[in-house]
Amino acid sequence: MSTDSTDPLADYPVVIVFPVQWGDQDPYAHVNNTVYFRWFESARIAYCIRLGLTATAASGGIGPILAAISCNYRRPLNFPDTVRVGARVTRIGRSSFTMEHALVSEVQGQLAADGSSVLVAYDYDRKQSSPLTPELRQAIEQLEGKTF
Amino acid sequence: MSTDSTDPLADYPVVIVFPVQWGDQDPYAHVNNTVYFRWFESARIAYCIRLGLTATAASGGIGPILAAISCNYRRPLNFPDTVRVGARVTRIGRSSFTMEHALVSEVQGQLAADGSSVLVAYDYDRKQSSPLTPELRQAIEQLEGKTF
Amino acid sequence: MSTDSTDPLADYPVVIVFPVQWGDQDPYAHVNNTVYFRWFESARIAYCIRLGLTATAASGGIGPILAAISCNYRRPLNFPDTVRVGARVTRIGRSSFTMEHALVSEVQGQLAADGSSVLVAYDYDRKQSSPLTPELRQAIEQLEGKTF
Amino acid sequence: MSTDSTDPLADYPVVIVFPVQWGDQDPYAHVNNTVYFRWFESARIAYCIRLGLTATAASGGIGPILAAISCNYRRPLNFPDTVRVGARVTRIGRSSFTMEHALVSEVQGQLAADGSSVLVAYDYDRKQSSPLTPELRQAIEQLEGKTF
């Protein structure tokens, strides 16, 4: 984890990169507001894979369910561009945790959007939310390099 | 505007209806989290059309820009279903206003999601945010049936 | 099945209706070319449901797999509009069948697009394509009101 | 332009690369059929930019309009994967040209899909299709490294 204070993603242990596609734009010729949530989702999945959180309805076990998400649109994005999208966990609760998202435009060299999501641990076998396991807490703390 | 207290959309002056499409679902076989924002957008546009807010970068004038949005996922949605999506304004500021969104599943007969967005009035001619005009405030108050 | 010769969808046993959403449009301010395929998919799924073809990788059995699809864009679509999308089967082969799609704009009152797809019957248990069952052939012929 | 006969994209002068996103998948846990057309579009736009074909309704001049497109799905795609998407022109007509698309999965190391599109030159000032200019023909021939 870099500590470069000039990079808005310096404190994000998971960062993925996407090319902006022409068709991501809407009639305003800006990237449509829904596309940011697709990118946030991809960063979230990448983070969960790093945690070993891959359980699904089909496979059983405990997996994450998205309970809430938000996005602040700070600068419009256009094609062509490349975005870097970061994910980090900032809160661990009993059966949920909070993930923050940030998105940097390579063309603009600045933060273009950020947001936050709440993920609930769900037990697909018992069909109910589940306390976060000690293993999951440990995996998050290890990835973030700090104790919550 | 209905005052039926059993309908979560009773206080929403603008309500639009969409069929859930099979392809709106993701590998979890639930409607993907990004689709809700497309529906919120459609309700927002319908509301803005009711206000006469149709200015764009191409046409000039003052139009709304989305500054922030959030969604709370309260119940998963599946295909087939029909959703009713409401929009209402709950706050008018100097150069922005807050719009709330709510989404009801016809199959489940319950609120499935809600959220909130902040819209900023943008002057496409002067390329900067703009105070809400008295006409726009009046149009919102007339549509909401109350004074802010 | 109507025989109204003035309706381009007269010979389509399955027709579904969708509102055009503002966000379906791209920077050309036309409905983006990919959206037509989402609508075709929804009509295809509606048709398959009518046939009882609901098998999937998860449930096992024989289900349809999309092998090829095409679309001819005859008139651009804009928001706001409502589209009616038809599906019909025009060929039944040994292990595949051909489905035609047509899309009518309510605003324009004309055919806006048409296309064709090839669906292969897939045996999810044996993991290979499968001859169409006599029951499936009969279901298609009954829905189309003719013999192939 | 490579002539490596083992690469299905060897004869494609324009090739772009995309990461498969988790949310590109549908309930079959395969990349949804509509996503291929988004990728084809991005390759098409990249090709047109190479040709200098950037005219739009807003800017005037002569720009390309998509008249038809098709896709053959040869192998299902899954997340995670990276796709390379090629575009090449195979026919130049009086006022249209044909572009072929091919898509290779990095994980599978094989062609996963291919397709074809017809692009019509459209004069946004005169609002009608337009003969391809000699400059455009020359730009295509130069990019393809052959005479049509």
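Order of writing sets the labels: A, B, C and D. Residues in every chain begin at 1.
The definition used in the following text is that a residue touches a chain if its C-beta (ideal position, glycine included) is under 8 Å from a C-beta of that chain, and two chains touch if they have at least 3 such contacts.
Predicted model only: the values in this text are computed from it and were never measured.
When the interfaces A-B and A-D are ranked by how many C-beta pairs touch across them, A-B comes first.
Seen from the C-alpha centroid of chain A, the farthest chain centroid is that of C.
The distance from the centre of chain A to the centre of chain B, each centre being the mean of the chain's C-alpha atoms, comes to 24 Å. Centre-to-centre separation between chain B and chain D, using Cα means, comes to 36 Å. With centres taken as mean Cα positions, chain D sits 31 Å from chain A. Counting partners per residue, chain B has 22-23, 27, 29, 32, 34, 38, 41 as the residues that reach two or more other chains. Residues of chain B that touch chain D in their complex: 22-23, 25-27, 29, 32, 34, 58. Those residues of chain C that touch chain B in the complex are listed here as 16-19, 21-23, 38, 41-42, 45, 79.
For chain D in complex with chain C, the residues that touch the partner chain are 27-29, 32-35, 37-38, 41, 56-57, 65-73.
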